[in-house]
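What follows is a pair of complexes built around subunit A, which joins subunit B in one and subunit C in the other.
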Partner chain A sequence: MTWLGNVGTHLLACVAACALALPAMAAEPGVTDNEIVIGMFAPLSGPLIAYGIQPVNAARMIYDDVNAHGGIAGRRVRVVVEDDKCTGSSLVAAIKKLVTIDHVFLLHGGSCTAALAAAREFVTREHVPLVMLNAAGDSLVFPPQREFFGSFQSTQRVYGAALAEFAAGPLKAKRVAVIVHDDDYGKSNLASVTATTERLGGKVVAVERIPPSITDVTAPLLNIRAARPDVIISGAYPAPAVLIAQKYAEYRMTATPLLQSTQGIPTPSVFAKNVGDDTALVNFYHTWAFNDIAEPAVHDRWYGMYRAAHPEDPDPGGFMVTGIPSALAIVATLRRLGCDVTRDGFVAAMDGLDLQTDLMAAPLRFGPDRHDALRGVRVVRFDGRTQTVQPGVYSWNGQDGN
Partner chain B sequence: MLLSPLLAWVVPEYLLYIGNVLMMDAMLALGLDVLLGWSGQFAFAHIAFFGIGIYGTALLDMRAGVPFLLGMPLSALLAAAIGFVIALAAIRLRDVYLALATFAFALSMQWLIRTWDSLTGGPDGLRIAAPALFGIVVGTDRRAFVPMAMLLASMLAAMLHLTRSVLGRSLAAIRDSEHAAAASGIDVRRSKIAAFTISAFCAGVAGGSYTLFGSFIHPDDLGIWQLVQVLTMIVVGGSGSIGGVLLGVGLIGVLPELLRLAPAQWLVWQELAYGLILMLTVMFLPLGLRSVLRRNLRTTVPPRTRRGTPTMEHTAP
Partner chain C sequence: MLMLKLLQAAASGVVTGCIYAMIALSVVIIYKATEIVNFAGGELVMVGAWLGLLLVGYFGLPRPVMLLAVPVVLFVLGAAFDRLALGRIARRRPSRRLEHATLVVATIGLSNLLKGAVRGIPYTQEVRRLPPLIGGAPIFVGDVVLERQDLAIVALAAVVMLALWAFFRYTLPGKALRATSQNARAAALVGIPVAGMRMSVWGLAASLSGLAGVMLAPKLLLTPDMGDVVTLAFAAAIIGGFTSLPGCVVGGAILGIMQNLVGTFIAPQAIAVTPFFVIMLVLLLRPQGLFGDTVGVRRV
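Let's look at the complex of A and B:
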C-alpha cells in the first residue's frame, strides 16, 4: 500500500536503532519496547452512534493494517476503545480512564466538539496529545491548543466558505440566504459564509438561526423566500435539513439552489428517502471532504479494505471514511518519530504534518499556528439518485469569519 | 467522609472523578426528592436550578471575583429565591399541569443560557476557572474530593434534620393526603412553598459544587436527559428516603462505568437496559430497591435493633 511506504526495507534498520536508543529513553506512558497504546473514544451508544461505531472501526482498520505490516519501528499499535456518548461528562470519564487507568500514549477520538471541550483542562494539564476522530472542533482549534489536533474533515468555517465561494463562482449568486443552528456550529458557519460572500462582492440578505430540535421550518423558509435570494446556504443537521428540503419544495423555491453543509446529509440515499420528493433535489448541492464520490477507484479501495477488515459490517455508510484520515495522520507522525516516541515529540511532529492522501479532497496540514487539518472540500450535486462532483476544490483562506 | 482525604491521596483520578460526579448527583437527587418523594409534587424545574448554581458560582468568580465560599451559597440562594417565586405560582397547579409548567421553566432557562452569549458563552459553552478554597486552587478531582465529601455530608446532615422536623413531617402528611393534612392544621401552601425553595437551594448547591471539579459547562448539559437520569436514580433507589436516593444514585451513576467492562457491541443496548430497569422498578418495586433491602433486613435483624433515622415512608408517589 502506497501510504504505508516501504516498511519492510527500513524495518530492520529501525529496530536496530531503537534497540540502541531505548535504554536512554525515559519511560513514556503507553509506550513499551513492543507496543504503543492509543486510547480511542467515540459515541458507541446513544443517539449519535452513527458518528462513532463505523469511524472507530475504520480507524482500527488502519492500525490493524499497520500491525500486519510489522508495526511502527518494531512496535505494535494497541487500541483501547471507550464509549463517550457524545456527552461532556461521559467523555471526560472515558478520557480520565484512558489516561489514568489504561495509561495510553495518546488520545484519538471525539465526534462532538461541545463534549470534547469539557476535556480541555484535563488534556492540557496532563499534556496528552489528543487527535480528534471526526469532530469539526472549531472551538478547540481556533485558536490552536497545543495538545489538540483535529478537523480532519474540515471545520464549519471551511464548509461555509466553500459553499459561499461556490455560490459566488459557478452559480454567480449575489444575494445569499443562510439558515444555520443557534449553536457553535451555526455561529462558525454563518461567520464564514458572511465574510466570504462579502469578500466576493455578494450580500447576505437573510439569516435564519434555528434550534437543532426544531420540528417545523415554515417560518424560516417563508422569511427566506421573502428575501428573494439567489441561493440558500444551510448548515442544518440531518433532521432539520430534511424538513428544510421538504418545505423548500412545498413552497416551490426549487429555482433557487439549495446548498447544504456535510453534517446535514451524512448518507445521501437516506437523506433522499427521508425527503421523499425528488423535486426538492433538482437544484441541490452539498459539501464533501473526501474523494470517494469523485473517484470510484478510491471508493472501492477504502470500502473494500473496510469490508475485508470488518466482514460483520458489509454495508458501511458514508460516515465510515471519517475515521480514516485522523488515523493516517497519527500513523504518519509516529513513523516520523521512529523509535524515539514521546508525547512532546509527537506534538512537535504533528505540527509539521503535511499529508496528501488519495482519500481527501485537500492535503492534511498542521503547523504551530494551525491545528485544523483540512481546509478544502468538494461540492457535490445530488438529485436524489446520482451524485455529481462539481469541478475543483473549494477552500477556506484561513481568515474569512475567523 | 473521614476516609475522603485518604481516598483523595491514593485513588486514581478517574475513580475520583466518578466519585465527585456521584456526590454531586446525590446532592441533586436529594434536593429533587424533597419535592417528589417527600411532598409528592411532580415539579421538574430542578435541572434549571442546577444550572443557576453552576453558572452563578462560575460567573460570580470569573466576572466579579467572588470566591467560591461566598459565590456558591449566593448562587444557591438565587436558585432558592427563583424557586420561591416559581412556587408561588406553581402550588396552584397539580399533577401533569405542575409537571408541564415547571418543565417549561426548565426549558426556558436552558434557552436563556443558550442565547445570552455575552454572559454565559451561549452555544460555545463556558470554561470554568478553577475556584480557590482558603488560598488553594481546586479544579482537579483530587483536590475537589474532600470538599465535595464535606458538602455532601453537610447536606445529608441537613436532610436528616429535616426529616425529623415539623416541616418534614408536614410534607409527608401533605403527600399522603392534602385534605387530611389541612384538616389537621398543617399550612399546606406554606409547606409546599418551603419544599420548592429547599429543593431549589439543594440543586443550586449541587450546581455550585460542579465548579470544584468541572472545567466546562454547555447548555446541552442541562437538558431533559439529565433530568430523566436524576428521576431514574430516585425511582430506582426509592423516593422519600435518604437511603433510597443514595442507593439509586450509586446504582444508576455507576452503571455506565461498569458497562465499560462489557464488550463494545453490547453498549448499543444501554438505553434499552436503562428503560427496562426503570420500567421493571416502577412495575414490581414501586418503593424502589430500598424496599427490598428493608424487607431482607426485617427477616434477618430483630426489630428491637432496627433503630435510627425515621424515613418518609409512603406508598408509591
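Let's look at the complex of A and C:
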C-alpha cells in the first residue's frame, strides 16, 4: 500500500457524502462530479527546458498515482499541460488559455520566477489558486499573496542563508565573497547571505553582481581573488556557474571553498563534466532541498516510481524530483477539502498545509503570513564524482535579508 | 596588484575578442558580398559547436579531424541555404528593396529553424561543454595566468584570419568574390558566375561561424541559445567598421578587452552594457567605424 493507499478504505463513504453535498455546491470551474481539472505549465521548449519536462512528468506521476488509487473523493485528477517557455509573454498566454478556455480549477506550474511575475495581475484578478511547480518565487511569496503558493525547493533567501550559515559554522569562515546575478534572484540571495553572515559575526568582503548572459568571468573572479575571502558563495545559473568554477581553478583559488546554490548545478555529473577539471571541485559544496542524495532508499523509491510511470525516460536527471513536492501539496490539500472543492476553500486549506514527506529536507508549511513552503536545505560536498551530504539541515530564520 | 588585474583582464579579453572577431568576420563577409545582414550568424556558430561536440564526444574523432569536418559541413549548410532559399527568393523578387527585406527575414527564419532543430534534441537540454582543444596546466607569465586552451584559440583565430586575408588578396576565387561584392553586374559581364560566388560566400561565412563555435564552446559552454553571442559580434563589426575585415578583428579585440576592464575596474554589472556603450560612442564620433569606408555625399 502506498502513501495514498488508505484512500480506498474511505472511498465509498466519501463518495456517498459527496453525492449528498453536490446539489448544494455552486458550479466551480474545473470541478465536476467525476473530475478536477488542473492546469499545468512549465518550460517544455526553450533554453530552460531542463527545468520543465521531467518535473512536469514527475507531477503527473503523482496525479496518475492518485487516479490509480480511486482519485480524490471519487474524482479523478485530469491535467492539461501548456508550454510557458519560461518567458513572461508565453506564460501569461498559457495560463489565460488554461483558465478561460480549459476552465481549470487551479494552476500548477512555473519554473521561472521572473516569468511568473508577469502572471500576477491576471491570477489575482481571476482569483485562481496558483501553486508553483519548482520556481523559487521570491518576488511572489515575499510578501505573501493570496493566490500564490510556492518555493517548494526553497527560496533564494533560504539558499543564501544556508550557505552563509554553513560557511560560518563547519567552515569557520569570517570573510565571505558573494557572486550573484544582477536580477531578483541574485538580490534575494545576496541580501540573505549578507544578513546571515553579519548576524554570525562574519563580513562580506566582496560582492560581484554579474549579468546572466556573461561570457567571461575574469573580472569578477579577479576582484574576488583580490579580496582574499575565506569562502566564495555563488548564486549563479548553470552556465555562469561552470565558468566560475573553471576560472576559480585557473586562478588557483581552490584552497578557498566554493559554495554554490542549487540552481547552478541541476545535474551534478553534467556540471562536473562541463567544468572538466576535478581540481576545481576539491572544495566545492552545493545546496539541495531533497533527501534523495542522503538516503538511497528515498532515491530508489521516487526514481523507481518515475521510471515505472515514464518508461520512455529511464534516466531522469536530478531536477526530476523538483516536480514532486508541489503535486504532493496539492493532493494533500484537495484531500483535506474532500468533496467540497472550491477555489476559496483550496486557498484556505493551503494556508494550513503542514506536510512532512521523506523526500524533502524540511517540512512543507504554509500559513496566512507564509506562502514559501520550504525553509530548510541540506549542503552537499561534491568532488566531481561523489556527493557527500553534510550533517544537519540548514534553515532560514524567516528574517535574514527579508 | 592593480597592474596584475589590468594585464590579466586584458589577456583574457583578447581571447574572447578573437572569438567575437571570427563571428564578426562571417557577418561582414556576407554583408560585403550581398548587402544582407545575416541574423542567423549566431545560430551557425551554435550548430558548429554542437556538431563539434557530436564528432568528438559521440563519434570519438580526433580534434584535428573535427576542426576540418565542422567547416566543411557548415560550408555545405551555408551554401545550401543560399541555393535553396535565398536564390529562389531573389529570383521571385517584386522589387530590389523588397528583396533585401525578404532575404533578411529569411536569415531570421534560418536562425529560428536551426535553434528549434537543436532544441528538439534531448541531449541539448543540459548545458554542455566541448572538451578543450588543448589541455594541460596553465602557463604563467609573471603572475598572469594563460590557459593553453586560450592560446590555442588565439593561434587558431590568427591562422584563420591570415588565411582569409591571403585568400581574398592572392587567389583567383578570392579576387572574384571581391569583384562580385564591389559590382555584381560588372563581375557578371567579365564572366564571373555571380550566383556561384554568392553561394560560396554563404558557405565561407558559415564555415567561419562553425569554426568560431568550436573555439567558443570550450570557453562559453553549449546551449541552444549560445548564438546570442552574435550581438557582440555585431558590436565588434560596428566598432571596426561594418565593411572592413581588419576592422572586425580590431573591433573584437577592443570589445573583449573593454568588457573585462569595465568589469574589473567599474562593475561586473556594466559588462552587459559595455558593447552598446562602445557602439554609441563609435556611432557618435566615427559613424563608419574605426576602419570602415567614409560615408560621402556627392552632388550630381
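The criterion applied here is as follows: the second predicted complex is superposed on the first by the 398 of 402 C-alpha atoms of A that agree within 3 Å, B and C clash if a C-alpha of one lies under 4 Å from a C-alpha of the other, contacts with A are read in each partner's own complex, and residues count from 1 in each chain.
One rule holds in what follows: contacts are C-beta pairs under 8 Å (C-beta built on N, C-alpha and C of every residue); 3 or more make two chains touch, one makes a residue touch a chain.
Only a predicted model underlies this, so the values are computations on that prediction, with no experimental measurement involved.
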item	value
Three-chain arrangement built on subunit A, subunit B and subunit C clash or fit	clash
Which superposed partner A:A118 touches (first subunit B, second subunit C, both, neither)	first
Which of subunit B and subunit C A:P296 touches, first, second, both or neither	neither
Which of subunit B and subunit C A:P143 touches, first, second, both or neither	neither
Touched partner set for A:D182, first subunit B, second subunit C, both or neither	both
First (subunit B), second (subunit C), both or neither touched by A:P314	neither
Which of subunit B and subunit C A:I49 touches, first, second, both or neither	both
First, second, both or neither for A:S89, with subunit B first and subunit C second	first
Contacts of A:A239 with subunit B and subunit C, given as first, second, both or neither	second
Region of subunit C that runs into subunit B when the structures are aligned on their shared chain, from 8-16, 26-34, 44-52 or 98-106	98-106
Subunit B and subunit C contact sites that coincide on subunit A, given as residue numbers	45-46, 49, 53, 182
In the complex, subunit C residues that touch subunit A	1, 5, 8-9, 12-13, 16, 119, 125-129, 131-132, 138, 145, 147, 219-221, 223-225, 228-229, 232, 256, 259-264, 267-269, 271-272
Contact set on subunit A toward subunit C in their complex	45-47, 49-50, 53, 182, 208-211, 213-216, 218-220, 222-223, 226, 238-239, 242-243, 250-252, 266-267, 270, 273-276, 317
Residue ranges of subunit B touching subunit A (in the complex, touch as defined)	12-14, 17-18, 21, 114-115, 123-125, 127, 130, 139-141, 214-218, 220-221, 225, 256-257, 259-260, 264, 267-271
Interfacial residue positions of subunit A with respect to subunit B in the complex	44-46, 49, 53, 81-83, 85, 87-90, 92-94, 96-97, 99-101, 114-115, 117-118, 120-122, 125, 139, 182-184, 186-187
